[in-house]
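I have placed the structure first, in the form of structure tokens, so that the comments after it can refer back to it.
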Amino acid sequence: MTINVNPPVAADTTMQMGPQDYIRRSASSVPAPARQLEPVAKLIDVSKCIGCKACQSACLEWNDLREEVGVNTGVYDNPHDLTPNTFTLMRFTEWVNPETDNLEWLIRKDGCMHCADPGCLKACPAPGAIVQYSNGVVDFVKENCIGCGYCVKGCPFDIPRISKVDNRSYKCTLCSDRIAVGQGPACAKACPTKAIVFGTKEEMKAHAAERIEDLKSRGYSNAGLYDPPGVGGTHVMYVLHHADKPSIYAGLPDDPRISPLVEAWKGVTKYAGLALMGFAAAAGFVHMAVSGRNRVTVEDDEEARRLAERAPGAAPLDPSKEPSA
Amino acid sequence: MNMEISRRSFLKGAGAGVAVTTIGAFGFGEAEAAFVEGLRPYKLAGTTETRNTCPYCSVACGVVIYSKGDIEQGTAEAIHLEGDVDHPTNRGTLCPKGSALLDFIKADTRLMKPKVRRAGSNTFEEISWDEALDGIVRHMKDDRDANFIERNMDGVPVNRWTTTGFLAASATTNETAFLTYKAVRSAGMVAFDNQARV
Amino acid sequence: MTDGTMHGHNRPAPHVTKADIDRGDRLHVGREVIVDRYTKWARLNHWVTAISLILLALSGLALFHPSLFWLTNLFGGGQMTRMLHPWFGVVLFFSFAGLFIRFFRLNLPAREDAQWAARIGDVLKGNEEKLPEVGKYNAGQKFVFWAMSVLIMILIASGLGIWEEYFTQYLTIEQLRIAVLVHSIAAVAIICVWIIHVYAAFWVQGTLSAMTRGTVSGGWAWRHHRKWLRALAAYGKRDDRPDEPKS
Amino acid sequence: MTNSWTDIRNTDLVVIMGGNAAEAHPCGFKWVTEAKANRGAKLIVVDPRYTRSASVADYYAPIRQGSDIAFLLGVIKYCIDNDKVQWDYVNAFTNAAYLVKEGFTYQDGLFTGYDAEKREYDRATWDYQIGEDGYVLMDETLQDPRCVWNLLKEHIAIYTPEMVERICGTPKDKFLKVAEMISECSTPTKTMTSMYALGWTQHSKGSQNIRSMAMLQLILGNIGVRGGGMNALRGHSNIQGLTDIGLMSNLIPGYLNIPTEREVDYATYIGSRGFKPLRPNQVSYWQNYPKFFISFMKAMWGSAATPQNEFAYHYLPKLDLPAYDVLRAFEMMDQGQMHGYFCQGFNPLLSFPDRGKITRSLSKLKYLVVMDPLETETARFWENHGEFNDVDSASIQTEVYQLPTSCFAEDEGALVNSGRWLQWHWPAQNLPGEAKHDTWIMAQIHLRLKKLYQEEGGKFADPILNLHWPYADPGEPTADEIARELNGYAVETLRDPNDPTKVLVEAGQQVPGFAALRDDGSTAAGCWIYSGCYNQNGNNMARRDNSDPDATGAYLNWAFSWPANRRILYNRASADLDGKAWDPERKLIEWDGEKWAGYDVPDIPPTSNPREVGPFIMNPEGQSRLFSRGMMRDGPFPAHYEPFESPVVNVVAPAIRGNPVARVFESDRESFGDADEFPYAATSYRLTEHFHYWTKHVWVNAVLQPEFFVEISEALAEEKGIEKGGWCRVWNKRGSVHAKAVVTKRIQTLMCDGKPVHIVGIPLHWGFTGAAKNGMGPNSLTPFVGDANIETPEFKAFLVNIEPSNGPATA
């Protein structure tokens, strides 16, 4: 047989995804895309995850992120939170199952969920700073980001982080640059136990179903898929052994949705506000038209003069200044 | 051998395969412009891919090193590293250490020049390879000639050099290992060991 | 006979005191009666406040609604707008604080305010004779003053909270959401108040000169702030040199 | 590994004990998750800590470090008592029926023949009864009280579940659950795999830890089958290769031995290595020893190795001691008996026990040579780094050379994984700065030393002057050249013994495999077990065909696996006495009436009759050993001994401290501590974010796990007032370290022999060079004690004390 030293890895490296595939664009509108990309998803099987942080490592390397070397604070979570340079983070929870009284080490890979209904995009005031592709990828376009931090308030999962260095917002891109050439995200590729897998959302749901069946056979009767409807479903999903209580996994929201406050702010306030201001201005013009300006009359001036002259300490009148009757 | 077929063979059962969804499945049509707004250009375009093996544990995961430049010209430099999708053991995956190998290759503390620390000194000084190697073999010969045991009390030839020891590596190639074995044993060294125990 | 009878309709002249006038208010009786209403410093203070409020409105509106994002061009782009807006706010805050100290005394509620407000219809029709005599500020002006004061407090407080560069880390995301909502509502409100303020100044002829030259005509004072004028005539400094009063 | 990483997918039960695969070998652990997916396999983790492996286990049981033998013998007893034994396998493939010499006994924790002075056994009685025909006596009915099976039952009788709980601190119900799950694998259609690593080896009785599990696996019939086996995960990328090639004081490549000085000539040496079969028809493959030995000598000294000079037998050093292992080497340095030392990609200052002694020893050297791609603490042992390396540079007279070497990315050659695969790799970039390949450095050292001897003469220079150096560029041999040398080649043309006209291999050509090697000097091979890796077909280590017919996980055409491209050792044992697979679903090789064939390369001569030839061809018995004769220094059966530093006394033999024949130097005894002074049971380990002392140089890994810490239970933290994330001080007689405290539920207090035992976990990745925060490590605290058989330091079980503290004096 021939010895193949360097077989090709990614044959085709031309970008096959782009603005023509936007279905949403922050603070602006996009034409309906000519084609519909197959929805993709990253499935994170928490029950298979060994918390090795390969995903974090691969993410830092692929995205050329340079995080600071921190300190130990008595836990395995390092860095201690998502940062502009840490798009994904393993969160460790030592949980004693009240039913079995056994310790369970719950390890969840945190990062952008790529919501079908993205709160960040809804909140973003900068046109084109956040875009959503027809395959579900929600991406930040830093060139358009103004660093206002509205996306942070809009996100139901507390994901985006604003850089103090360049005042732009950062989060997991789902490796949009890899997906664009037909490869999966760096974290999914690296994951040693394939706790993170990537494919079409349909494939991922099917795979999740198998995993849930297996978990139930191993006694996890509440095993299930986390694809929260509150945000229209997500393109990053979890398989949880305790799907009945997501919040035990380092505060994964039980029922995430875009905050009503954000809805109010970006909804009624935005429109009612504009209307109100417009109305106020218009009212002025109408009033002016109807009642004309409020003018000072000659009588007013005379009254003023009389009052002034009769007042104590008034100077003797200068006849020459006496107005003619 | 056909890579595609071999990759597909990985899809059988198991989660491992699920990651290997091919480009077609994402519903892409014809190729578009190479650079598009908002997306980072694909950074591996135009790089050379070299198959290698992770130097850490004995799982010996296959890795692909992406480099720019030409090794024949002496200009090749690694710019990225990933798991080898075709490798039967790791199938493209890598652990947190393997995933960061590029920064092992490029570590700030990577050694670049031979150095010597003289007796009593509190610093290293750079020296040439010739100075280093000649200094080392001079030490070796002096020590060997002074302490080599040709025969034991019973007059049996034992040809033992016990006063200089050699601790062999654990991540060098078999080829380095055998060349080391030849050089060390031919000198009669017995205090010879490796990292098997730690 | 009283001024009242002289005037043809019988309204008792209100009791006025020295407290009804500000330092710097004075009467000039020359060919015309001229009244100093605002000092140089007061006017400067007002215009700084006015300008920063306008810049705030423009930069704020740019980030408030996509259709207004183009306004960021006035400030050199989105990043600059995001960076400048809070600083405008800081300027406004201190500048308005100055105005507040100057004006708040005569903006305290007075007996006639309720009556004045109750006749808002006549106010809008311009039926001044149906209104009570008011001091330096009428209830409407007082409303604008206090509305501005309260809204600016709200805006500065919520604004600091969502100032990404320095303060967001001290608040929870839920608090930030409240802050940003409150900030935008307050902003809408203050812009409306501002519109009223500007319109009133324009509608009531002879008002603008108060903030430009610093003076109003005696007639304007008699018509709109007669109580103030009486106080001024009774107790105020005056300057009757025949030459034109300097503004 | 007897099997391979990819074979683990075939198992029904994974037992991770004495290791932490998920943490230390994540990509290999993938195959555990595959087994779960493919076969619904279960995972059991037995460990002092609730590890990352435990986090995905089906069942976890705690155990006190250093008590594994008691646990495993307890499981063996459970299986025997409950008749969970694969009898056909045990009868056919083990020495259960062999009769053992009268006089062999075990009492008060000691076997027959102990010499307390020498700390050694006279192993004369540890052997079989041999009949007149020269073959062993056996009782296939297993009735004879002297047969191995009965001696074994007697030996393990004390290890009841209650005793296991008392020694190991494993709650009885948890132990029984584990034993029950394991025992189910005694059927031919269920297999269990054992995944272990330094958690078993780094003890004063490490070898016996592993033997205990090997015996259990034999009783369950799990050796030689798919999804079974004893799988040492191994630490470093080519530690298997370096061991194969014999870079050890007492080894010659391919597990041959360096002669001892008692073997005064070649005849004596080879005479003691007859390996005559102990039963009829057995292969006893070591009978070929002379072929491998002489081929090696030809590879070493070429034409200078002749029949006249016993193939240069005396060029080899002769040992006066069993081994000059690292512990002895540093002891010698400390005694001023060693003047020079080479560290090739090795960091002893952090790797070896009792750091204080290591620093002291290195300081007594005349010269130290460090070859490494990275900075190492060892190369800078003379440099003061405050608390992290508190030395007085001026007082250290050692001359230190630091040589920059290539790393994997610039290297070409083969690495051997733990599944014994020799995988070739290619260079991806050029050498940075003035760095050089290790091959160049070693060649230069040899050539320059040779030159000095040529010019000046000196002590016995022949082995140096005559070293075979057949490289195109002597100054820089290529990987390709050396790989060919390892495979072996014909020195003279090889002809078919039966038909001399038939040429098998032309002179100078590569030999096809080790079967072609000869003992007359007509062949040369650097490492016989590698023979076949680079033969007439070219470089088989570079093969990249990853097809796998019927998904057995064999990958026969991927790279090359020694020996003879065999993927599963003892694979003949995968079939019953008629040569039919124990489990038809997991067929490996089968006897078709004339020959063996299947998915793997048969481990026995392909035409050997299944009823005659045993699977364990390297043993003269042809069968495996439940009773290991005199092969191990500390007993033919494993027995429970406490670590040298243990929180409890040995309840089986209270008088005995540690392993009675473990490697201990008198000079180190006073540095041992006792439980009253140092009440806490410490253990050392790796973390998944780091690889030994290398990745602290990699900023990404430094980010993922930045700072040295120790792990303790909430109970101990409470008792000592140590705060989560706060500083604490851990110390014993050998040293003291400051560390951050990780207070965790994953470490629980164990009840051993009626008293609570607190465990202190100490990971080992920090030093004073690199990107991570400066820190210390366990080797400042670990005792200078070695395993009885292979001198592995006892890193996994020792005693410390702990208290809250401030941070290090200099951070």
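Order as written gives the chain letters A, B, C and D; numbering starts at 1 within each chain.
FYI, a residue touches a chain if its C-beta (ideal position, glycine included) is under 8 Å from a C-beta of that chain, and two chains touch if they have at least 3 such contacts.
Here the structure is a predicted model, which means the values were calculated and not measured.
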Could you let me know which interface, A-C or B-D, is made of more C-beta pairs in contact? B-D
One chain's C-alpha mean falls closest to the whole-protein C-alpha mean, and that chain is B
Separation of subunit B from subunit D, taking each centre as the mean of its C-alpha atoms, in whole Å: 21
Let me have the rounded angstrom distance from the C-alpha centre of subunit A over to the C-alpha centre of subunit C, please. 40
Can you work out the whole-Å distance between the CA centroids of subunit A and subunit D? 51
Note: subunit C sits from subunit B at a C-alpha centroid distance in Å of 76
Specify, in ascending order, the residues of subunit B that touch 2 or more different other chains. 1, 14-16, 48, 50-51, 83, 86, 90, 93-100, 103
Using the touch definition from the top, which residues of subunit D touch two or more other chains? 26-27, 30, 33, 37, 426, 544-545, 688-689, 699-701, 704, 771
Listed in rising order, subunit C residues that touch 2 or more other chains are none
Which chains are in touch, pair by pair? A-B, A-C, A-D, B-D
Interfacial residue positions of subunit B with respect to subunit A in the complex: 1, 3, 14-16, 18-19, 21-46, 48-51, 64, 80-83, 85-86, 90, 92-100, 102-103
Flag every residue of subunit A that touches subunit C in the complex, lowest number first. 27-28, 125-127, 144-150, 152-153, 158, 162, 164, 167, 259, 261-262, 264-265, 269-270, 272-274, 276-277, 280-281, 284, 287-288, 291-298, 300-301, 303-315, 318, 321
What residues on subunit A touch subunit D, complex-wise? 1, 3-7, 47-54, 56-57, 60-61, 66-76, 78-79, 94, 96, 102-105, 107, 192-195, 214, 217-218
In the complex, the residues of subunit A that touch subunit B are 1-2, 4-10, 12-20, 35-38, 40, 45, 48, 52-54, 56-58, 60-62, 128, 131, 135, 139, 141, 143, 176-184, 186, 188-195, 197-200, 203-204, 207, 211
Per the contact definition, I'd like the list of subunit B residues that touch subunit D in the complex. 1, 5-6, 9, 12-16, 48, 50-62, 65, 67, 69, 71, 74-78, 83, 86-91, 93-101, 103-105, 107-122, 124, 129, 132-141, 143-145, 147-148, 150, 152, 156-198
